[in-house]
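Okay, so chain A shows up in both of these, paired with chain B first and chain C after.
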Partner chain A sequence: MRRKELCILLTFSTTTEAMAMEAHASAHGLPGRLIPVPTVIHAGCGVCWKAPIAEKPRILAAMEKEQLPYEGFFELVI
Partner chain B sequence: MIYFDNAATTLHKPPQVIEAVTKAMTTMGNCGRGAHPSSRRAAGAVYEARQKLARFFSCSREDHVVFTANATHSLNLAICGLFSPGDHVITTVAEHNSVLRPLYRLEGQIGLQTDYIPTDAKGVLQLSKLEEFLRPNTKAVICTHMSNVTGNITDLETVSAFTKKHGLLLVVDGSQSAGYLPISMKEMAIDILCVTGHKGLLGPQGTGCLLLREGISLRPLTVGGSGVQSYLKEQPPKLPEALEAGTLNTHGIAGLSAAMDYLEEMGLEVIKEKEDALTRYFYENIRHIDGIRIHGDPEGSHGPIVALNLPNMDSATLADCLAEDYGIATRPGAHCAPLMHKALGTDTQGLVRFSFSHFNTCEEVDLAVTALKELRQQD
Partner chain C sequence: MIVDARGKACPLPVVIANKALQDRQDNEEVQVYVDNDIAVQNVKRMAATKGLEVAVTEGDGYFVLTIAGDIKEEAQAPVVCGCERNTVVAVTSATMGSGSEELGKLLMKGFIYALSQQETLPKAILFYNGGASIPTEGSVSLEDLKSMEAQGVAIYTCGTCLDFYGLKDKLAVGSVTNMYSIVELLSQADHIIRP
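Up next, the complex of A and B:
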């Protein structure tokens, strides 16, 4: 059975915002990946950025510093 | 075949464009419709293309690059999404039907008021008349950057100074100029730029885009699937999805993206220089043919187009002779620009348009010159 873990999820309003996140993460070595938005979360875009909970400060700092747009922030066990 | 119909569509595409389309068709899913690798690959390709186009045209935001099927689609989006009853718009007689028909329709539907800047005998727009057409309810100026009939280039600096001075929106049809002339939305103060991907940008047919200055709001032309905010009854409000209902032409966009790389690598100045040289070489070698009538202002500010007629010969007949007897592809007729033809006095005869690509050669031009000389003698 797949093990569930606490992680952070960033949701987006548009696919373009999600792709901007992926491009930035790829260029700057930020951990995480795009996954389908879990049904318990309401989000505009169908994909969200999932990263380990331990990376929360680093991810949020990067979002703020780079002014990367996102819709919502969640901590979820998935 | 010698292809001199590049103003209709460029036939010769860089090989990397074709390779990119093939790769996209074999590896990419639906952009924005999933998180699996093939969908993400598609979304990544589309995103990358937005970035390149935003950079190429100095559009301040990549999410303000809206993909469309062609320039007609872009112009319909702009025109139908911008105006309300009581608005007045200034446009020109040099416009293509992709501008004129949406305006005519709005004239009938909402009472849009429209004025048309005329041209002189060479088809050059008389921009000094802009002020004469200004009204209190004027909202925008819509103009082509280059006439698709004559190749005359519009002095956008003058138009832009006028729109800035009076707080009007500037909508530019870059169908013919994109990929030939540099276009900077920032420097030229363009509010909405409409381009197609399959002409000078060297991408596949079925690609185009509309680029918006930040702060411009358009009503969507079509609504439907967006991949985001699925439970909203309206189209999601954020760009670009606000104006991009339905599955994007990701395969074509991947090709356009590869074409943008080619243009960046090649450099517009090199492309322009080559096309200008071919145009000048052709013009210089045909202009003394007895009775030939060359339209437009080839010695003025002018792109890679030469428009002409031979006396007493229907333009369709001339184009057919060129194609059948010499294997030379040109475009006769009205070129979807009725007001320009009326201004030139060619609405009965039409004219034959030669339009060049940097992939053409002087040898090809020589053959066209010989063909015109022979056809003139046979007349």
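Up next, the complex of A and C:
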């Protein structure tokens, strides 16, 4: 049985912004991954950054420090 | 009537619930205890095909499906468990769709993640040609593939393709297969999904 966990999700205005986040995270060892945006957030197409809830302060600090744009922030059990 | 199908692999929860519905007296309620989402969905589907009402409550690590009502004469559909369908996913490229390679890789990653989140998983995933790189070391999709393999999904990668791309020693999940097995899997599948 798949285990669901509380995660943080960052959505982006554009796919390009999501890709930039992935590149930055890869270069700087930030935890998380891009996943399709869950339909409970919105039914449209798009990708979002998913990371463990414990990494919330680190991720948000990096987003602010590096001026990485994101559209929405969610905490969700998936 | 209460029946406990916890710890039973698919399709046993459906079989146990179906038998309880046949054995019950005077259309009494049947409570079915299961311990996973797939069993919940499959038992619900089975009850729906019989025109029965189902209420689901969640406990600590288990679910209780309360099934009530009269079995509709016209709704005596055969019991079908979703996990019995033979769905095979054929991944033929490292990218999804044509156009931007960068976007195509992103889409393929998303596809494999979304596939791993489905309540009913495919029987097998085949990787060949450019898709052969996906189940190898360093792939971002390894976690999702290992999760599906642990849940019983067979993962096969074309050996000729691994050899061609110099990835023979890099396979990190599943096993190597050949063209005869690929043809057999595809020809016996009820559904083939090709992203």
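The criterion applied here is as follows: the second predicted complex is superposed on the first by the 75 of 78 C-alpha atoms of A that agree within 3 Å, B and C clash if a C-alpha of one lies under 4 Å from a C-alpha of the other, contacts with A are read in each partner's own complex, and residues count from 1 in each chain.
Convention: a contact is a pair of C-beta atoms (placed from the backbone, for glycine too) under 8 Å apart; a residue touches a chain by one contact, two chains touch by 3 or more.
Note that this is a predicted model, so its numbers are computed, not measured.
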Chain B versus chain C as contact partner of A:A61, first or second or both or neither: neither
First (chain B), second (chain C), both or neither touched by A:A20: first
First, second, both or neither for A:V47, with chain B first and chain C second: both
Which of chain B and chain C A:P36 touches, first, second, both or neither: both
Chain A: partner with more touched residues, chain B or chain C: B
First, second, both or neither for A:L6, with chain B first and chain C second: neither
Intersection of the chain A residues that touch chain B with those that touch chain C: 15, 18-19, 34-36, 47
Residues of chain A that touch chain B when the two form their complex: 12-20, 22-23, 34-36, 44-47
Chain B - residues contacting chain A, complex: 31-35, 40, 43-44, 46-48, 50-51, 62-63, 227-230, 236, 238-241
Complex contacts: residues of chain A adjacent to chain C: 1-2, 15, 18-19, 33-36, 47, 78
Partner chain A, residues of chain C touching it in the complex: 35-38, 102-103, 106, 109-110, 113-114, 116-117, 140, 147, 151
